[in-house]
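Everything below concerns the one structure shown next.
Labels for the chains are A, B and C, by order of writing; each one numbers its residues from 1.
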C-alpha cells in the first residue's frame, strides 16, 4: 500500500532511529571486543598489549564463571515461572466480579512503580534484616529462629524481591488478555461438557499463549539486566553473582578491563542465543 | 476539466502482475464504473489513478498533464473510501474543512463551502458532531462532503456503499447519481455489485484479472456482451449458457439467453423441463428448471401470477432474436 | 451474556482479591508508615502498625543530609528529557513501520528489540571512556542520551503497535485531501494516536525514572538522580529504618502519584501496547 515516494520518505524517517541504535550497539561493542584481546589494567600499568584469547580462557576457567551462569539462569527462570504462574492465577481472580476492582488493581500494580534501588533497600533492611526486620519479628512471634535471608537463602530472596517487582506487569498483561476472551467460547465449552479445570487448560490457557509470550519476552529483557537488586542487597556475595554482576566486578572492582571485556563478549553471545530463541517465538506470535 | 487517460499502465506486486498493460480513457464529466469479481484489480486500478500506488510502467494523464509521478495530494482528485476514512478526532465541520485547510483556502470561503455542502447533504444539524456519533449513512455523506468541497477534477469512489445496509444503499445510490447530475464532474466508481454498475454508470468497465473485458454503456453490455465472462457477469439473474448440440444448431460453441427472454407455457414448446425452486417476488417469478437436457439448470423469468409448482413439467420458448452466440474462445459471434 | 453471580460468590471474590492486593501493596504501605515513626518505634517488637507518634522529623533529617530537590530535578530532567527525545526519534520511525511496511520491517523491529538485550555491563567501560572523552561523565545531558537510547526500542515498538490500530485508509484520505507528509503526521496521525503516545510517554518516563545501572555508574555528585540518592542509604544509614523509609518514600512518591492520576493510560502502557 505504498508508492515509491512514501517508501523513500519512510526510509528517511526510519534512519535516525536505526542509525542511533546501530551506533549505540556497534561502537562500544567494537571497543569491548578490542579490549577483550588485550591485557588492560588501568590502575596497574594500563594497556599491556595483545594477549590473544588469554582473557577468554581465564574468564571461563575462573571458579566463579559457571556458578555465575547458573545463578543468572536461576534468577531469570525463577522469576519468570513465579510471575507467570501467579500472574495467571491473579488475573483469573481479578477478572471475577467483585467490589472495588479498580482499587485492587492499583494495589496490585503499585510495586512496578518502585525503583529497584528502593525496593532492594526496603526488602533488605526493613523486611529481611535478621534482627530488626519484620520477618524476624514474625518468625519470633511463632517461636522460630529468624532466617538470615540474604546470606542463608540469598538467591531465593533475590528471586522473591524481583518477582514482587515484576508480578504486577505479568498480572496486568494477563488480565487484559483474560478480559478479551470471548465469553461465548467459554459458554460453548461449558455446553460441550467441559469442567472448570478442562475449560482452563483447553480454552483459557491457549488464549493466553500470546500474552504469556509477551510477558516472557519483555521480562527476560529486563531480568537479564537486573543489577541494582544485587548491588544493593548482597553486593554479589553469598552466591548471588550473576554473569552480569561478575563482569561488573571484573571491570569496576578489580579494574581488569581485558578480562571483564572478554566476559562481556560471553554475555553478549549468551544474550544473543536467548534473543534469537525468543525472537523466533515472538516473531511468529506477532503475526497472529 | 477531468479527462483521465491511462496509457499502457501496468502494475506488479513483486513478481505478480496485477494489471497487465491497460489502456483506458474516461471522458470529462463521465460516470465510469469499474466492476468485476473481487481480486480483479479494480481497486488497484483506482488507487493507481489516485496516486496511492505507483504504476510499474505506463502513463496516467489527467487533464492532458502527465500525472504519473505526481503525489496524490497534488493530483486534484478526491476519494471516498470504503470505510469512509473520516478523521475520528475532528468534528464533521473540521473533517469537511480539512482539504481546504491543506489547500490554504481562506476561512470565509471555507465556511461558505461547508455550509453549501452541508445543506446539499443534509448535514447542517450535525456539523459539530464527531464521526463516532453519526450513523453509517451520515458518515458516508460526510465523506462525500469532504470530497465535494475540494472541487476536484474527478471523484474516486472505492466501494463506498458496501458497508451500508440494503435499504440505505439504494438511497445513497440515487443521491450519488443526483450529485453527479448536478456537479457534472468526472466520477470513477469501483464496485463488485453489477446492479450498482448498471444503475449508476455512463460507462462500465468490466475487469477480470487486471484485464478489461469490455467497456461500454450499461445497455451495450446488456445487449451485446463481448464474451462469456461479461455475459455471465452482467444481468441479474445471470444469463443461461447452453453448450453442445443445442448450441451447434446455432453454429456456435455456446449460446446464451437471459431469463427474461424465455417465455414459459404449459403447452409444448421448443424446450421443456421440470420446475425446481420457484422464487416469487410478486411482480415476477423466477423458475429454476431442471432436466431440460440443455444445462444443469435454466433460469427463466415469468410474470408474477404464473403458477407452476415444484415438479411440474414446464415448456419454454426462447426468443430467437435474443440468443447470444459465442465461439470456442468464448467470444461473441455477430 | 454475563451470568448473574450469587452475592456469596462475589463476597468471596472480593475478600480474596483485597487480601492479595493488600499483601502485594503492603511493603509500600509499611515503608510509608515507617517514614512517620521515630527510629525506636520503627524497629519496635512487636511492630506498631498505626498507633505511633506521627512525626515528620525523618523527612527534615533526610532533606538536611542531602539536597532532595537537586536529585529530584535530575530525575525529572533525565526521565522527561530521554522520553521526549525518544518520542521525537521514534514517531517517524514507527510511522514508517506501521504504514509503509516492507519485508524487512519485522526484522528491523526485532533487531531493535534485541539491542535491548545486550548486557549493559558488556559495554560499560567503553561508554565510560567515551563519556570521559566527550566530557559527559556525571552530566544530566549524557545520561539523558543514554537512557533515550536504552528505551528507544521499547518506544518504537509501543508506538508501532498503537499506530497499527489506526486504519491506513485514514492516512490515505489525508493524502488525497492534499496533506503533505508533515501535515499527515501532525494533524491526522498524532492526534489520533494521542492515547497511545500518552501511554508510551508515561511508561517510558517510569522506566527511565527507575533505571538503576547507568544512573548509578555514570554519575557522581552533580548529575545523580533519585536512584543514586537512595543507593547512598544502603549502609550504614540503612539501619535507620525511619530515615531510610522517609528517603524511599520521597524517591517513589512522584511516580506513585503520577501513576495514580494517569491510571488508564498507564494500564494501557504497561501492556506495552502488545495485548488488547
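Here are a few things to note about the model shown:
The rule we apply is simple: a contact is a pair of C-beta atoms (placed from the backbone, for glycine too) under 8 Å apart; a residue touches a chain by one contact, two chains touch by 3 or more.
Since the model is a prediction, treat every value here as computed from it, not as a measurement.
Here the chain at the heart of the shown protein, by mean C-alpha position, is C. Most remote chain with respect to chain B, judged by CA-atom centres, is A. Centre-to-centre spacing of chain A and chain B amounts to 57 Å, using the average Cα coordinate of each chain. Separating the centre of chain B from that of chain C, both taken as means of CA atoms, is a distance of 54 Å.
Chain centres here are Cα means. That of chain A falls 16 Å from that of chain C.
With touch defined as above, residues shared between interfaces to two or more other chains in chain B number as follows: 51-52, 71-72. Residue positions of chain A touching 2 or more other chains: 1-2.
Across the assembly, chain C contributes 172 as residues in contact with two or more other chains.
Chain A contributes residues 1-2, 6-7, 9-11, 13-14, 16-18, 20-21, 24-25, 27-29, 31-32, 35, 90, 93-94, 96-119, 121-127, 132, 134, 137, 140-141, 164, 167-169, 172-173, 176-177, 180, 183, 210-211, 214, 217-218, 220-221, 224-225, 227-228, 231-232, 243-245, 247-248, 251-252, 257, 260-261, 263-265, 267-268, 271-272, 274-275, 279, 282-283, 286 to its touches with chain C in the complex. The touching residues of chain A, when paired with chain B in their complex, are 1-5. Every residue of chain B that touches chain C in the complex is listed here, in rising order: 50-52, 71-74, 77-79, 81-83, 85-89, 98-99, 102-103, 146, 150, 156.
Within the complex, the chain B residues that touch chain A are 51-54, 71-72. On chain C, the positions that touch chain A within their shared complex are 1-2, 5, 9-10, 13-14, 16-18, 20-22, 24-25, 27-28, 30-31, 34, 43, 45-47, 89-90, 92-93, 95-97, 99-100, 102, 106, 108, 110, 112-127, 129-130, 149, 152-153, 156, 168, 172, 181, 206, 209-210, 212-213, 216-217, 226-228, 230-231, 233-234, 238-239, 241, 244-245, 248, 251-252, 255-256, 259-260, 263, 266-267, 270-272, 274-276.
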